[in-house]
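Below, chain A partners chain B and then partners chain C, in two separate complexes.
And then the complex of A and B:
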């Protein structure tokens, strides 16, 4: 016989867990209907198309370049924000957060305007770089949106490392750059790796800002999320779904990697 | 010591350069709009309908996210639910899904044969209807909200709850009087974050709900007419429509409106989470 108090305990747990189950049911509903709708034979058919694989390759290498670029900015700025104070800190942090919190479509428009106005318009024409309808534009857009994301994550990573280790190193005669490269960076290694993976996955998923900034040309600038949209609008639903399944796969695999490495960086 | 000083200066320089370039990204576009077109935009009833629709949908989305998300994140934070690892990975991966994938997934799910039959039997159509905006926004708002709320609950030491329980407080009372007030800051930050995300949603809404401005009056319900949100689009979609239609000045103006809304809510978010000890940070 279950005691009254035990019953209460169980109903308490069940009440809260029910909400988790509701959300899981929602996700499960989305995934199963999509898989059933696509069907196995269609999936196999689109796997044999070379464009599917070209899209995947394009996405992976553009996202990788964008990630490396954002890490180059993200590590120093994140370290700075984690360790030092500066005037109007909250406002500055808000400005840094802006590119990722503003609707990405708006970022796309603003990037378009940015590359059409004076310093950058002449710089790109002198250097002969083409941003619209080219992959360099894709990388610029991915970088812009993910860099503030990256700064948030690296800042959280450096905050997990107690500054005391650096103080000890400094007191033993290490210079600040030495303490940074030999103490803080190795200690924050795991969470920085997690940050890298999340930023990479986020750049793979960037699409909205590309729509207005780069514009879609099939076979040239269509990274996976963009190909999903183009195929959907073009009526090739099966192909769009196949590509979208790969997007889901990338997201789940990278989050699994994050879970295995076990950093506790907070995405926002 | 000069090496150390140089290092700090370089860090400062990179940070300031970055902040300036973010400012430049937005400010360089001021030339594309002017006061006249901004005033023109403000005099259009369509714009105010869109503002109302945006605020309404994102607020309703946030409320749904709160009702479902806060208990769920409490459960994830406190109980040993079987398969928790898989749940964690699933929830986290929603955050890094492309908006187009989310939109397409929703589209296909609600157009799937048996689901469509259920909708027909009930006499409703979800795809391309106004309530579908809320469904599309809810996906990301919930994912981000749960992340923040869970961190907030993780920060509250369960020992306080045990103490309250041992002093004879009921579970419900402990939850309301001990757990929620201790996690207050993180929960509030999560709410603001969910609202901001819902407000910024564009891709999923575009695919799942499409646009409303060109539809006929009779296609809207009495509720929509009463609230004054008929033939309106949420702001990001409206901006996109303006730009695609060649109306760059007003499109950029809507973009600036969105930037200002985001600036205010992110500032509020940073203020709130700055107050909490560790909540919402790591």
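And then the complex of A and C:
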């Protein structure tokens, strides 16, 4: 015989589960309807086209370079913000957060202004670096949008590691860099890996700033989100849908990796 | 020797001031005080994690005030020992030596000697998760002792240990200290926990050092009401004196060895007050013993093998005894006699 309290508890579980099912069904519905709309034969046709794979490869390598650059800057800045207190810290954090809060399109416009004026305009022309309508511009845009995001994530990663480990290490004779590389970095490894994946996935998804800063030229700067837009505007809906499927696939693989790694305390 | 001179440390709204300490080489020194009194702040400053506003810290005739922790040659064991979870026990012990770029051969010999000495040879290849409290303590000490530090700082190392294991770990700490003869500075908030381990104790209250002395002197000759209360002295009374007699509560006259005038605070340790049995009582009174009082038992409780008896002699006097036979004999009586030895009455000028 089920008691009244047990019945109440079961009804609550059903009530909450219903929302989870609605969300999962919604996502499943969204993907399957689009696959059906596209059709399996069309999907296979687009898969055989080299342009699809060039877009995927371009996205992966530009996002990877942007992620490496973001982590290269994000790790020391995130560590500083997590460990030390200094004057104007809140103001500095606000400035760092700006690219997260400002629309990516506005970031693109600002980048355009930055590279069209002195000193960067002169520096790029002297060094022969071309950012508009070039993949180097894609990397700059991806980096600019994701770096503050990266700093936030690395800061949170270092905050998960108690500073006492470093204190002990330093009292044992380790210099600050030695303690950082041998203690803090390995202990924050999992969270940093999660940060890296999220930043990479975000870089893969960036396009608004690219559109304004770099400009889209098919076959040159069309990373996946850009290709989706260009194909849609050009009326190639099937191609746009196929590329979108890969965007979803990248997001699913990334988030799965985040959940798998994020659940572990640390990596030995 | 470690010398701390006029140290001042400030944290947003909390200030530690006039900290002066002299700790002898090889001493087991304990910094004790209630939660929030500044013990951890002080130890972190001595380790080099915090910078003081002013004052000096000297370790073996070297002014280390402006030095980084890695330059001070100290060992530091925080609460829960903070063993590196991504390293094996062996790697934990070797960490300080590797940081100091010692030769592999030397590192191996230090590890094996320490592991054998501390009984952790069987743990060397294990990771630190899953080690017991005692094993963690020994591994952390091995890591700290491997670099042959001038002093080892222990910040409440027993705080995360359960009641049953605390005594075992206390004994182990004391034993390791006497074997390695390194200076230990141990922070604790519990007087009972560390009173048997300490060579000397510094009692800290609200950012200042109230008293530095041996355990016995701190217990029997506290310099303030706070120290008396912190060391669990149960009998603390205010009185007036003119000479060597103190009047407490207008009707109790206590004879002391001190000669002073005015308002005073008196402290009497509960372990030294004697309960007189009837036959002895008359004899002791006749022989002119001072401070013999007649009173009524108002409370009797047994805790941790000690019987606590509260007797009202006009003021409530608490007595601790382990003489269970005596307790059995007197517990049915409503009136008993007690004697407060003259030398056990400590007077603090208010």
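Everything that follows uses one rule, which is that the second predicted complex is superposed on the first by the 260 of 268 C-alpha atoms of A that agree within 3 Å, B and C clash if a C-alpha of one lies under 4 Å from a C-alpha of the other, contacts with A are read in each partner's own complex, and residues count from 1 in each chain.
The criterion applied here is as follows: a contact is a pair of C-beta atoms (placed from the backbone, for glycine too) under 8 Å apart; a residue touches a chain by one contact, two chains touch by 3 or more.
In this text the structure is predicted, and so the values were computed from the model without any measurement.
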**Request:** Mind checking the superposed model to see whether chain B and chain C fit together on chain A or clash?
**Result:** fit
**Message:** Quick check on the superposed pair: does A:183 touch chain B, chain C, both, or neither? Answer first, second, both or neither.
**Reply:** second
**Request:** Using the touch definition from the top, say if A:165 reaches chain B (first), chain C (second), both or neither.
**Result:** second
**Prompt:** Touching A:261 in the superposition: chain B (first), chain C (second), both, neither?
**Reply:** neither
**Residues of chain A touched, compared between chain B and chain C (which is higher)** = B
**Message:** If we overlay the two complexes on their shared chain A, which of chain B and chain C does A:175 touch? Say first, second, both or neither.
**Reply:** both
**Fill in**
Taking the CA centre of chain A as vertex, the centres of chain B and chain C subtend an angle, in steps of 10 degrees, of 90
**Asked** For the superposed model, what is the least distance in angstrom between any CA atom of chain B and any CA atom of chain C?
**Response** 5
**Prompt:** For chain A, what residues appear in both contact lists, the one with chain B and the one with chain C?
**Reply:** 175-176, 265-268
**Prompt:** Mind pulling up the chain A residues that touch chain B in the complex?
**Reply:** 8-9, 12-13, 15-20, 22-24, 27, 29-31, 33-34, 36-37, 73, 76-77, 79-81, 84, 86, 90-99, 101-107, 109-111, 113-114, 117, 144, 147-148, 151, 156, 159-160, 175-177, 180, 198, 201-202, 204-208, 211-212, 224-226, 228-229, 232, 237, 240-241, 244, 247-248, 251-252, 254-256, 258-259, 264-268
**chain A contact footprint on chain B (complex, rising order)** = 1, 3-4, 7-8, 10-12, 14-15, 18-19, 22-26, 28-29, 31-32, 68-69, 71-72, 74-76, 78-79, 81, 85, 87-101, 104-109, 111-112, 115, 142, 144, 146-148, 151, 171, 193, 196, 199-203, 207, 235-236, 239-240, 243, 251-252, 255, 258-259, 262-263, 265-267, 270-271, 274, 280-282
**Item:** Complex contact set, residues of chain C against chain A
**Value:** 44, 47-49, 68-70, 72-79, 82, 84-86, 95-96, 99-100, 127, 143-144, 147, 153
**Prompt:** Which residues of chain A touch chain C in their complex?
**Reply:** 162, 164-165, 167-176, 178, 182-183, 186-187, 189, 265-268
